[in-house]
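Labels A, B, C and D are assigned to the chains in the order they are written; within every chain, residues are numbered from 1.
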């Protein structure tokens, strides 16, 4: 973890800093030692303390620059749970956006090649990967995956798609995936989910399913226990399919 | 991956084998070479082919021996998504059961110390970790975590609990967790979920929430698109809380 | 209630009988007096007792002859709740089927004109209305409502549609409805629901909404409280729209 | 319907008026004729038109005075659907509140005796029944039903409870209900729902079930179809049970 950014936290103040960097705030100047360790505290020149904490997945939502609505922790988790992705797996991703899915995967030791069509967003995503400390295993490429398919020579363990034309990539899943590998698409609409399912069927994929997830908080107070009266809305449908080559 | 078990697959037949092991089936005898590679095929002495595939997370549900209902991929994924656990994190787990959560975490490079009260189940879980190829980073201990708390000297990044008395461990979360770390409990009942929330509140934990997840499959056929008429039932409530020490 | 059928109940045996009719069963012969009252008991010639009970809405599901999957109590209730239909209202219905919705409405004093395309089903529905004791206010017509629209001279308070081509009737809602009246469609698929919404928009209807309802049972046992592990599947989408003529 | 209030509507302006009453607004003075008919228009002395519309169930939510959160149309509908209440049925209700459930039932020809503990709320509820045109069949009584149980000499077809101590009435359901009749409780919390179920079990009721209802709107726009991203929260659990006396 040496060289990785750490969180400096004090009450509501939170800063993501690299060892060796300097933080100037109303509480004074703080030079973060190169050998700082998480779980300790550091002091500004005015003697004000900050706690040094390891950056964790959910902190990414507060510290990455957003270029759109990032995928939620629940949907990221469901992609991981349903595909069973593992460390050292290779993931091909399209629709990088803010890059939270890629960062989560990178923090789990997964190698990710991710495509973002919008060059500006891709630049932000690269900075975000740097902030998240996962630049080494996330390769953010500027471009449209559907146009790059012919040039991809590797195969992948999992393909994750959060793009409007996900179905166009799903069609090519058998060429992109290792045997037994999964494609996962995140699509807000019924129509685009259906397109993915139809593309998966035509491509001969197996174990095709589209899941809709409704998640609610429970309220526990002195009056009793109940689901929250504040509902949680729809985010997106997750479609999974698996490439199972058939031996004759 | 050398030495790790691989899947031999042919149609509905699936075997989990170590390189060097021998498979005898109605299709003949097959000696799996020590240097077998996934993505290739191997032949029995009768010339019948099997595909060699990497074991993936969802395959665990077919190949691990069950000592009870294992946690579902969706709930495993939600634990990972909401805690943001990362490779090299240390997780303390109780209620090992079949060990699917531990195996998923192990496959993500997480170090897990997991307690199973039932000695027989713990033995099965150890074999399951061996099958899953994660024995190196999963330590299955026979015992009741609530009785071992005093002897634990380490701290953990995440504590995951799938036990009837999870609340009794949640109480001690501040001693068990690294700053910023999460406790996650999986409890089937409202009452046990509420106990966890109350224990988390008393322990001064932050960002406490209990989530209920309803997941449905979508049916897409020639008549149209709709949620499945076969409903998906309740599995368990997931409660998350975070240890945020407060500097004065 | 004179002349209306009553339920004769004993344990699991249930018969729907008209005063004056005779019931022969293994418990003997029973002549139901013309002046039988609910809440009493009657005896067979062998002295075996039956309880006389009023037929209630949910009993219809056990005693009407089915010509397809009847609309469920929850969806019938939602149609009533969201349209606020009242006694003496006039309802135009299409897709009679078993006639459970019509019977429920009839039992609430609503006058229903209902169309069933399948002549055989329409006959069964007429018998069902007789059994339910609502023949006086339910007019089951054999025919396709979309072809009868021009001949309808009345207007209605509520139009309820449980047909594949509901949208084709929704288009005409302004000619069919009283000011402030509602159209309600029950459609299993997203596509047919969307068609109804689009027809409602084109027809200039107001307060258009499509609702999806997920209903689950709670399990309360000695271990605790939780939603049922047996999920409840999708039935249909309910779309409501209101005819609000605009004065210039 | 003579003498019943009607809605005068023009754009967003809506007034609930009795035939013979006078409306003074910025559009002039309007004397509503005694023989006014719905579906027509009437003019102020300045020649400004209002549309005359029949009051419908959902209009009650805009025109009744609220003394708390009224039960929602969906929950009212579910009570009607699951109990199968019919015209001329007698309903015993407790926790009148705003009186929307009572008014809906009254509009369906049901006779309702409803108890409201808060005298001020009971007065408002009586006015609301007058506004809804259902004073004839709704008897709003000031008092706590649990204390009045001994004095009730009638029996009822359905008992509906929207009170904190609903379970205390459920216990007495067999004395209150006609054979085959239903008790329905609306309770926001798991604990109070469970209390009702346990009381129903102890009272020997049948067909006991607690239902939780999650309702979502669908969004249909040019991009596609999906459940609303604005979630709908929990309202209450509905518990139903039936009184089925057993002949020995």
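Note that a residue touches a chain if its C-beta (ideal position, glycine included) is under 8 Å from a C-beta of that chain, and two chains touch if they have at least 3 such contacts.
Note that the structure is predicted; figures quoted are calculated from it, not measured.
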{"item": "Rotation angle (°) superposing Cα atoms of chain A on chain D, nearest 5", "value": "180"}
{"item": "Copies chain A and chain B touch via same or different residues, half shared test", "value": "same"}
{"item": "CA centroid of chain B to CA centroid of chain D, Å", "value": "49"}
{"item": "Centroid spacing, where centroids are CA-atom means, of chain C and chain D in whole angstrom", "value": "20"}
{"item": "Per-residue multi-chain contacts in chain B, two or more chains", "value": "190-191, 212, 214, 216, 225, 227, 237"}
{"item": "Chain C partner contacts - residues on chain B that touch it in the complex", "value": "188-192, 212, 214, 216, 223-235, 237"}
{"item": "List of chain D residues in touch with chain C within their complex", "value": "7, 9-11, 38-39, 41, 49-51, 53-54, 56-60, 72-87, 104, 107-109, 155, 157, 178-182, 190-191, 193-194, 197-198, 209-218, 220, 225, 227, 237, 244-247"}
